[in-house]
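In the two complexes below, subunit A is the common chain; its partner is subunit B in one and subunit C in the other.
Here is the complex of A and B:
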C-alpha cells in the first residue's frame, strides 16, 4: 500500500513515535504538572473498615469550608450503573459514603488545603463513628446462606448470575475421558505509571466547568459528570492532559472525579486530587480475581467434546460506571472456549458482591483469567491422553480453513491461522530439542516449557456491547481532518492518547491517504471542546475505530486536495496523484501549500463549481461487520523452577502474534512487550491479598511486588499479518493481547517442569510459597503447611 | 502520602547532633540517607517533631585501622562501600553485600549506620555485621562512647539498643585473615527487594571466627553455633546436614515452610563458601 517510492511513513512503517520527544525529555504535561493560581489540593479520608454502618461524622465548625461530607455535596447523585440484562442488580455508589461503608479505602470525607500535606493534616481532624458489620471477603463468603448483605435491598450478594447451556449432558455421559480442575487468579491493582488524577476549575468566560482528568474516556466522563452533578453537558469541558497509562483503570467515572468537579463547580476555583500509590494499592485493588471450576470432556485423542464450567468473579462492593459489574463475568463466560472448536458448552457465572473495591476492566478484561483456566485444561487433557500439550492444542484450534468461524458462544472469528501460529511458537521455543535434553539444569532446577493460545476480540462492535447490557453502547467513532493554509494536516479525534502511540499511528493512517509528510501532520486527541465524539480508548478499539474514522476523513480531504490541485494543474482530478510530498499530474506538480493557499487565501482563483466544504471533513466509521475483529497469538515460555526456594526464572519467551495489518510494527511490539510484562506480573508476582475481615494486606510496594527489568525476559516476537476482511486496511486491535497469555503459558511451563514431582500449581501468582506448598503437598509423607494468604 | 509537619535541623557536628536529640525529649529522628525514614514519614508511620540531618555533620565518616579492626564511620554509603572507595577489611564480603542492597539509587544515599539504626530484620548489614562479630559504636549516651556487639545490638524488628539521644558513630569490623572464607546467600522474590531469608557464613580459624547466621527472620538474626562448630571441624558438607535441625531450635516460632527456606539459604551459603573472594 505504501510502495510509491517515497520514504515509508504510512501504514506499516516503523515510524518513530511523535510523542517520545516530549516524554523522553520529561516535558509531557500530566495532571500533576499543571500550575494554576489559587490551586487547592484535595485529600480523601477513606474508610478503615471493610463493612460498617456510619454512626457519626464530626468536624469542628471552623472547617465547614475545607472538610466535606456526603451531606455537603448538595445535588450530587450517586454513581448508578444500570444494565439491560434481566436479573442484574443495581448498586448506588456514593461519591462520599453516606450511611455505610462497603470497602477499605472508600471515600468518606474530602479535605481541601493549599497543599496536599495540609489537606492530609485535615483528615486527622475528622472523626467518624463506625459500627462494624461482618465483612464479605470472598465469593464463597458472599454466597453463603444467611451471609451479611452489602446491599440489603437485594436479598442476596449477587450482582448477576448467568447460565448458558448448549446441551451437554448426553456428550458428558459418553465421553471417553474427563478432567476436572479448580483454578483461581489473585486480586490485582493495575499500576499505571501515573496514578489517577483530576484537576477541575470554572472557566467564567466559557461559562464551563473544565476538567483536566487522567482518563481514557474524556467524552464519557463528560456524560457521567453531567449525570452526577446535574449540569448540562454543554457546560462541561473535559480536557485530558497527557495520561501515563490507563489499562482500564481510567476508563471509569471515579467518585473522586465527581467530588473534585463538584468543588470546582460550587466554589468556582481550581481544585486537584492526585492519587498516591497507597490509595491505588488499597482503593484500587479492583481486577483479575476469578475462580474457576471446570470439567472438560474429550475423546481418547484429546479432542474437546464438552466443557462444563463455573466461574465466580469477586466483583467488589459497587458497579463501576459505565462498564457494569457483570462485564467481567459476561466476558469470562463468552470467551472461555477461546480459540478452540467446541461443540458443547455449559457455563454458570456468579458476579458476587464483596467488601472490596469495585471491579474494573483491566487490560485483557477477563481473558487473562479464562486463558489461564482453559489452557490448563488443555494441558491436563494432554497429560491424561499421554500426548504433547501442543499437539492436543493444535488438534483443537479452529483451523484456517474454517474461517470466518462462528463459535459456540456466537463469537465471529474473522480471519487467521491459529494452528500455524502455535506451531511457529513451538519451533521458536525449541520444544523438540528441549524434550531430548535433561529435565534439570546444572543448578538442579527443574525445566519446563508451556504454551498458551488465545484470541483477542478487539474493537467489539455496538451489538456486542449492547448484548452485555451496558448503559452506554460504544458507537461509531468520528475524526476530523483539515489541511492548513500552509499545507500541513490537522487531525482531531475524540479518543485519547494514554501511551499507546495514537498520535503517531493516526498520523500514519492520515499520511497513507493524503501523503502529507508525517512531520507535517499534527494530531489532537481527547479534548471534548476540540474533537468529535469518541467513546474512548479501551477494548483495543482505538486503531480500528478511530483509525478507520481518520482513514475515511483523510480520504475525503485527499479527494478535495486532488480537485483543487487538478484545477491548479489544469487537468482532470483523475489525472492527479500524490508522490514525493507533492501533487503531480504527469511531470507537473504543485505543493500542498499551493493547494492550501489557493483554497484559504486565493479562492477567487478557484472555479465556480468549487466544493465549498473546503479542505476539512469530519467522517465516521463502522466496520463492515460490527462484531469485533479477532487478533490472536500463541505464547511459548521455557523456564526453570528452583524446587527448594520456589523461585522461577524465565529462560526464553517467544510470541507469535497476528493483529492484521500493523500500522506501526514497533508500536505493536511495544504494546505486546508491555502487555506481556504485566502478564508476567499476574503470573508470578502481583497480588492484593485480603484477610478474613476484608482488610487489604498489601498497602505499599514492599508487599505488592511488580516485576522489574531483571524479572523480565528478552521477549522474542514473530508477526503474522492476516488482514481482517471487515475493517479499514484490515487492521485489528492489539492493545490488550500481550497481557492475556503469560499467566497460562507460565503456569503450564511450571507444571511441565514440576511433572517429575507430580506437583501442579493452579493459582496465580505462582508465588514461591505456592510452588513450595504444591511440591510439599505432592510429597506423600510430609506434613502440609496451610495455604499462605500472603504470597511470600 | 505526605508527612506531617516537622522541624528540620542540620547538625554541623556529631556532638551537635546528639545535643539536638537530647533537647528533643525523644521526639526526634536522625536523618542520614533517608531511604527508610522518608517513606515512613510519608506514610505517617513516623511522626517526629524534629529531624536532625547528619548528612553534612562532621564525625560520621571517620576511618581508623589497626591490624585487628577496621573502623568505618556510620555515614559511609552502601555505594561507597560497593565501589571500594574505602578499604574492605573482610576480603570482599562487605563489597559483595553492599552490591546486593536494594537498587543503586538507594545505595547512593543509604548509609551503613542508618540501616543498622532502622533495624529492618531483612536488611543486609544487620545480618552481615552480626555474622562478622562487628562492634557498633554509639555516642550521645554519656561522656564515653558505648560499644555493642552487632549480634545483640538489634533486639527485634525495628528495635535496637540505641537510646533516644544516641547516634551510631562507627562500626568496627574485624579484619579477616588471608585464610578466611565467607559466603552470603539471600533469597528474595525480586532483585533489590528485601530478603525472605539470608544465610551468612564466616570462617576464619586464624582469627578465631567461625559463624553461621540466619538473617531476615521476623526478629533479630540467629546464630547457629552447632552448625558453625561442625563447619570448623568437618567442613561445609557435614555442616549442611545439621542446618535444618538447628534452625528448628534457634527459630522455633517460624512455620515449617519458613524454617525450610532459612535452611536452604544457609546450605546454599555453605555450598559456595570461599567462592566470593576468589571471584
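Here is the complex of A and C:
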C-alpha cells in the first residue's frame, strides 16, 4: 500500500467516531424510540417467590387476548442449552413459567396493551396460586445433602462439576511455604444504561418476522428464535437498532425476546417489551458470584510451585442460551493460573444451580473473579516470604523470552512482555516514594498500594469454544465490502455495535486497505437481512474477527479497484497505487468515482477480461492460530482507607496495557477506562444481595450503587503495542480487560493499607461494613489471626 | 385527563394527559421526542434530564400534568444552541460517549454546569455531574470535554433560563438537588417518592456510611 493519509484515518489513528453525531443530537434510535402504528406494549407478571409450585393461574375471560400464560404460547419450545461436556445437566428454561418458578422475577404471565402503564395495570388482573418450596440461596445451600432440588430429575443441584489435576501431591508435600485463602465475589447486575428491549412485527410483504432487539448477537438470536418458535431462519429477520450498552447482558436469548416474537408471529402485529430498571435489578442479577478456596505453594523466594483450588459459581436457576451454565466455571478453572508460570495445578469447579436469575457472561467472564483470587494469592505469598508483592509477581510472570508460551491449562499466550508492564505500572504509581513516606495521611487514614496483572484472552476461536462444549461455536466471521457507483465504500458485517465504536474502527480498517476517505466509508452492522454472518460482539472478539474479515474483503476490493483503475489509466495493475484519495499511476490518476462509474454505469469502458465479481467481496476470517490472542495489563492503585468508617478513597489509578496493534487508541482508552470503572464498581460498590429465601434485596439504583463521577478516579494509562503474530494487523481484543483487574488491585491495596492492623478483606465489594468487620476481626489479637481469609 | 399547555422546544403544545403520565413518557410518546432517554425511571441515572423553566430536571419523575405553563427544552431543542454545539464538539473530541444512551441527559447537565458555574475545578465538576450515570466511559472523556468547554468561562450571571440565583451551593448539594426536582416558583408539593430518589450521590454516601 502506498503511504499518504494512512495514519490520519487508517489503523492507528485517533479518528473521531462516526457514531457520535446522531447521539449528540438525541437522534440515536434505540428499541424504545421506535414508533410504529398499532404498536402494543408488553408487561410481564413475574414471580414474587424464589422457588414455588404453581397451583393455579387465572385471568378473567375478557382478557384471553391480552393476558397470556405458558399454555397460550402454542408451539413455543423452552430455551434449552446443551453442552457436549460429559456430565453437564440440561435445564428447560420456560419462556413463561409452567408448573414451577425457580427465581424471583421469572416471567409467569404476559400482558399487552396500547401502552406500558395499561399493560402493567393488566398484571393486577392475573391471579397466580403458589405453593412455596424451600429456596436455594447459595452454593453451600445447593450442595448440602438432601437439599431441595431445582430440577428434581437431576438428582442434585449441580449443572456441572469439573476436575483438573496435573499432579500436585508430591510438590505440596515438599513445598517450603504455603498460603490458604477463602475469597468471594458478590452477585452483580450488569446495568447497561439501556435495559434489554425487543420490538417484533410481521412484515407481510417479506413474509418475515422482523425483530428489533437490543442485542450483541443478532445472527445468533435469529437461530435461537427459530429454534424456540419453530420458524425457519429465512423467515426471521433480526434487525437490531442502536444498543445502549451490552457488557454480556445482551448476548443471550431471553425468554421475553421469545415471548414478544411469538406475539408478533401469532397476531401479525407489532409488540414491544422494554425492560425497566427494576426488572433488570431483580430478574437480571446474573453475574460475578464466585467463591474460591485456594491453597498455594511456593519456594522461600515466593516462586509458585503449585496451586490447589476449588471454585464454586452461584449459577442460578437455568442455563442461558447459548453460553451454557458452565462457561463461567470452565473459564474460571482455565484462567486461574493467570499470567504466571505454574508447573502444578489442581482445580475443582462446581456450577451450582440456585434460585436466582440464570448466570450470564459479564464483561471479563470469570476473569475478574479469578484475577481477584489469584492476585490475592500472590500478595499473600509475598507477605509470607517478606518481599514486596510486585517483586514476587515479577518473578512469577511468564517472561517475554518465553513467548509464545503454552501454560498449564493449555492457554497459548501469543506475545508480550508481562513483567515490563508490571514494572512500568509500579513506576507510574510511585511505589518507592510511597514506601519511603508515611503509612497514614493527615486525616489518619491508612494508605496502601496494590497491583494486579492479568491476561485477557480475546477473540477465542473455534477450538476454545468447542472445548467449552457450547452448542454454537464461532468460526469464520464474515464481512462484505463494496464500492458504490459514486466511489464510496459500503462495509457490512454481522457483528453489532453496542458502544464499542465498530462503525468507526471497521471503517478505519477498510480505509487502511482501500484508502477511500473515512467520511466516504459507511458501515452497516447487525441486521441479518443486510449483513453476512457473524457470531456477534462478545469475548473481546469484534475488532480481531470482524476487523480481520473487513480487512480481507477490503483488500480484495482494493485489488479490483486497482485493476479497473489500471485499465482506465492504461497501465499494468502493479503500477497503480492509492494516494490522496485517488488512484495513481505515476502522475496520472483517476478517482474512486471514475472506477465505480466504469463498473456499474459505463461497462462499455471496460475490457472483456474484467473480473465479473465486480467491486464487491464477502470474505471470512479467523486468526491463523485460533486459540485466542492475549492482551495483558497491570493495574496499580494507591488509595486511602478510613479505619473508622471503612470508606475507601482511590487516590491514583495507573494502567499499563498492551492490546497489540491499536486500531484507534482513543477507543482503546475508552474501553479500558469504561471497563475499569465497572471493575471499580465490582471492587467497592456493586452488589445484588439476596436473603436466605433467595429474595433479592436491591431493586432500585439507590440499593445498588453504580459508580458515579465522584466515585471514580482520573485514570492514567500507558500503552504497549506488541503485535500478535497470529491476527490480521497484529490486533488483539480489548473490550473486557479494563474490568478484570480492579477488584484485585483495589483489594490488594486495601490489604496493603490495613497490614499494620493485620487485617485483610477477602470479599468484594469491599464495602465499608466489610472493611470495618475485617479490622474488628483482626483486633482481638494483633498477632496472626487464623480465621478464614487470612494467610496462614 | 388533564389539559396542559406548555412550550416544548420553543413550540406551544396543548394536550390532554392522564394524571399519572410522566413528563418523559409524554415527551417520548405524544411528542415523539425520543432523545430524552429513560434509564431507570427511579430518578437516579439522569438520562432523562431536560431543562424545565430554566433548571435541569428529571423528566422520569415529573408529572406532565404538573408542567402546565412550563417551558421545556429537550436535547432536540438544543440543535442550534451555541454552548451545546461546543459541548457536542468536545464530547466527540474527547470520546465522551460510547453507546450514547446517557448522552442527551449528560449533555443537558453539562450545559447547565458550564453556564451556571463557568470554570470550576475537576472535583467540583465531578460533584455537579454526579446525578448523571454513564456505564461506558468511566466519565474520563465526559469530564475532559466539559472542562474544555468550561475553561476560561465565567458563570453566566442570572441567565434567562436560570431564575434562581440564591446561593444554592451554600445550602449544600443535597438541598440544591432537592430543589431541582421541583418546577420552580410554583410552590408545588414534592411527592414522597421524589424525596427518596433525588440525590443518588448523597444516597450513595449515606448508604456507604451505614453499611
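Please note the rule applied: the second predicted complex is superposed on the first by the 774 of 792 C-alpha atoms of A that agree within 3 Å, B and C clash if a C-alpha of one lies under 4 Å from a C-alpha of the other, contacts with A are read in each partner's own complex, and residues count from 1 in each chain.
Throughout what follows, a residue touches a chain if its C-beta (ideal position, glycine included) is under 8 Å from a C-beta of that chain, and two chains touch if they have at least 3 such contacts.
These numbers come from a predicted model, not from an experiment.
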item	value
Subunit B versus subunit C as contact partner of A:193, first or second or both or neither	second
Which of subunit B and subunit C A:602 touches, first, second, both or neither	neither
Touching partner for A:702 - first (subunit B), second (subunit C), both, neither	both
Touched partner set for A:268, first subunit B, second subunit C, both or neither	neither
Partner chain in contact with A:114 - subunit B first, subunit C second, else both or neither	neither
Touching partner for A:769 - first (subunit B), second (subunit C), both, neither	both
Touched partner set for A:242, first subunit B, second subunit C, both or neither	second
Subunit C versus subunit B, contacts on subunit A by residue	C
Touched partner set for A:644, first subunit B, second subunit C, both or neither	first
Contacts of A:144 with subunit B and subunit C, given as first, second, both or neither	neither
Where subunit A meets both subunit C and subunit B, residue numbers	115, 117, 276-278, 645, 647, 685, 700, 702, 705, 708, 710-711, 767-769
Residues on subunit A engaged by subunit B in the complex (per definition of touch)	115-117, 120-121, 276-279, 644-645, 647, 685, 700, 702, 705, 707-708, 710-711, 767-769, 772-773, 776, 783, 785, 788, 792
Subunit A partner contacts - residues on subunit B that touch it in the complex	1-5, 39, 43-44, 187, 189-194, 196, 255-257, 260-261, 264
Subunit A - residues contacting subunit C, complex	16-17, 19-30, 32-33, 35, 115, 117, 191-194, 242-245, 247, 276-278, 498-501, 645-647, 666-667, 669-670, 673-678, 685, 700-703, 705-706, 708-712, 714-715, 738, 767-770
In the complex, subunit C residues that touch subunit A	18, 20-21, 25, 28-29, 32-42, 44-45, 47, 74-76, 79, 88, 91-93, 95, 97-104, 107, 122, 125-127, 129-130, 132-143, 196-197, 200-201, 203-204, 207-209, 211
